[in-house]
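Look for chain A in each of the two complexes below; its partner is chain B in the first and chain C in the second.
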Partner chain A sequence: MSATVIMETLRRHFAHIAYVGAVLLILLISTTMAAIDAPSGGSMEMMRLFIVIAGCQLIGPEFSSGTLQLILSKPIHRARYLTSRVAGVVLALWIAIALVYSADIIARAIGGHEISWRTGGGAATASAAQAMLICSLMALFGSFTRSYLNVAVYIGGQVLLSMIGGFLQFISRTHQGLFASLGEFVRTHPGVMKTIRTIDQNIYPSPPAVPFDRNWLLLVVSNAAAALLLACLIFRRREVPYGAD
Partner chain B sequence: MARTELFNRSSQRALPVWLPVVVVVLIVARVISSRYGVKAEKDLIRWVPAESAARMAEITRKPILYEFSAEWCGPCHRLEDEVFRDSRLAALINEKFIPVKLVDRQRETGKNPPEVARLEAQYRVQVFPTVVIAHRSNPPATLAGYQGASHFEKFLRGIP
Partner chain C sequence: MSGIRVRGLTKAYRSIGRRHPVLHGVDLDVQPGEVVGLIGPNGAGKTTLMSCVVGFLRPDGGEVTVDDRASDDLDVRRRTGFVPERMNFDRRATGRAFVRYMARLAEVPRAELDARVDALLERLGLTSAAKRLLGQYSRGMLQRIGMCQALVSQPDFLFLDEPSSGLDPNGVFLVRELIAEQKQRGAAVLLNSHQLTEVEKVCDRVLFLHNGVVARDETLRDASRIVIAVTLLEGSFDPAAIAAATGIEPTGNVLTATVASDEQTADLVARIVGAGAGVVDVRRRTADLESIFRGTS
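Let's turn to the complex of A and B:
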């Protein structure tokens, strides 16, 4: 990895008004929630949205601003550049996550509420792992799409998988009419629904039921690494036209 | 040619060797780790009230898993600790069955709630814990007593 690219990515985040504003907003919400003793880790979904927004800018803006051309004109490996970009964004997100969960603990301590270290720590760790997965997926989708299409692929994929899962569930209960034979097929081939569910759980894993669930963390981190490897493989062949978005 | 270029360090399009190594190591670790569940602080089963279980079973076409237990029963607590708090086994139960927990109160209060009494009579429950898998098209499968998590898992996986 390239320290220059990581530091530049971090610098850009901390100098960006949108990043600072979003972190402050989540901090404010997290502190308020902790002050009224709302369940610890409640800001995890909000954090996920923030991760998606931050992660979708991994590749797209690089094309339009020309930084990619500038950096690739120097002798730096493409894969090294991409992994460093992902590491930089993930690091910026980890700092935000640490700030948010620290604020949660401080607000609870000031308010005299019980601090659930295990639940809060588990939620923070899960958010940190999710940041790795989402950023790697954004890098993967961004390695073959243009500009911000990666976020469309990510959200569209989630919606599509839910729709397919729901549709299969519906037709599996159909015994007559238009979908009767399809329903029979789904019932006799449970692997179809299982495959859809497995894909869904691997790309869009729900938060773990147990804090610090070793299996869940390994699933997320190994998928993140696999996505990053695929992103690097595709990015090797990617042409870099100026102003591509 | 593309293949030799893949790990050729002088090429700008080369792939770092550490990345595929990390992926393989993580996937192997994940496969090994997934064989062992993670223990939670509390029960991970999404229990369904006995009254709504039949309707849910009809909608989802899943069999109902009745767990008959009692507060004073030691093996029931072992079952809860070793199976219902295990992330892997709990996920298996939540995915395959409609789980219903029925706690016998005969010893404490002298009588049971009507639904518990009816189901205990229907499935001829003699010991605690007893687990009954009720499917509308198959005869019920019963496991009386608790003989360890692996035996329990074998019983669950044997249900079609």
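Let's turn to the complex of A and C:
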């Protein structure tokens, strides 16, 4: 990884009003929630949207603006650049998560409420792991799309998987009519629904039921690594045209 | 050190179900210390050719080598400078921070980094604007900062896409000087430009790209080949008589000819005057790019 690219990515985030504004907003909400003794770790739920917004700026916009071409004319391996960019964004998100977690603890301490280190810490760790997965997926989707289409693929994929899952569940209970034979097929082949569920859980995992769930963390981190590896393989081969005649 | 070498380059763009061929077997050589211009009408394939040579696009066929290596080889990249037609970078970075970042990516030694960055910013007249954000830069200033980031690694291979676009006359002179300096240093320079005067002034050789092929390859800096433009006094001459005396048909009141020496220039002018024409002006040109461009495209 390139420390230069990671530092530049961090600089871009800290100099971006949207990043600073979003962190301040989440900090405010987190502090307010802690002050009224709302369940610990609740504010981490908001982080996911923030992670998606921060992650979508990974490669696509650089590709469309022409910045990427300028970078790739320098002696940096494409995979190294991509992993460094992902690392920089993940680091910026981890800083935001740490700030939110700290604000939660401080507000609870000031308000005299009980501090649940395990619940809050577990939620923060889960958020940090999700930041890795979502950023890697954004890099993967951005490695073959332009502009902000990576976020469209990410959200579209989640909607599509939910719709397919719901549809299969619906027709599995259908015994007559138009979908009767399809329903029969789904009932006799439970692997179809299981596959859809597995894909969904791997790409869009729900937060763990218990704090510091080792299996959940392992699943998320290994999926992030697989997505990043795939992103690097695609990005290595990608053409980056600039301008027009 | 070998230069830039392209042989039989073919490239087509693909969209759903369609293939749009852009380059059809282009050959190109740029030797160290040589400046080669790429000119041609819109859609001729100049940008595609440059993209293939810089390594942004993968050729469908043919061979592209820079110093006998693939153009995306990291060692070649270390010695490559590229100026895009339009500079795009994070607008919240200062000019100096941007050039420093690009210098670090270019692996400029840390000990020399700041000195090189500051010297280049000064050379390009950007010292006072170095701490301003790129978002506050004018188009011309962005072009200058683009030159800075390309030259910071003291490249052996320089690819320039319309480097003078958006520049004021001082900026144009400066870019011309910088190109001459790079040539002097021994760099191989490939210049893509629509400004024929600019190409004529800085290039040793020019390639006319038309419909994806090199339609003409003209040497501009050739001691044995001088192009002169003789401006005749309006109404003082009969075009047929001039053509009979010199063997060249004037275009309007300008007669463009290629000669091999100053003696031949003097002889030509004497024959024009002998045919009864008044001579208003005699200018030496490297080549008549405009008429070649018109004739080619």
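Just so we're on the same page, the second predicted complex is superposed on the first by the 239 of 245 C-alpha atoms of A that agree within 3 Å, B and C clash if a C-alpha of one lies under 4 Å from a C-alpha of the other, contacts with A are read in each partner's own complex, and residues count from 1 in each chain.
Heads up, the rule we're going with is that a residue touches a chain if its C-beta (ideal position, glycine included) is under 8 Å from a C-beta of that chain, and two chains touch if they have at least 3 such contacts.
None of the values given here were measured: they were computed from a predicted structure.
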Contacts of A:D213 with chain B and chain C, given as first, second, both or neither: first
Partner chain(s) touched by A:R173 [first = chain B, second = chain C, both, neither]: first
Partner chain in contact with A:T4 - chain B first, chain C second, else both or neither: second
Which of chain B and chain C A:A15 touches, first, second, both or neither: second
Partner chain(s) touched by A:L228 [first = chain B, second = chain C, both, neither]: first
Chain B versus chain C as contact partner of A:H77, first or second or both or neither: both
Common ground on chain A, meaning residues reached by chain C in one complex and by chain B in the other: 72, 75-77
Touching residues on chain B, where the partner in the complex is chain A: 6, 11-16, 19-20, 22-23, 26-27, 29-30, 33-34, 37-41, 44, 59, 61, 87-88, 90
Residue numbers on chain A that touch chain B, as the complex places them: 72, 75-80, 83, 118, 172-173, 208-210, 212-216, 218-219, 221-222, 225-226, 228-229, 232-233, 236-237
Touching residues (chain side chain A, partner chain C) in the complex: 2, 4-5, 8, 11-12, 15-16, 65-67, 69-77, 239-245
Chain C - residues contacting chain A, complex: 42-48, 51, 54-58, 74-75, 77-78, 80-82, 84-90, 92-93, 97, 101-102, 104-107, 149, 159, 161
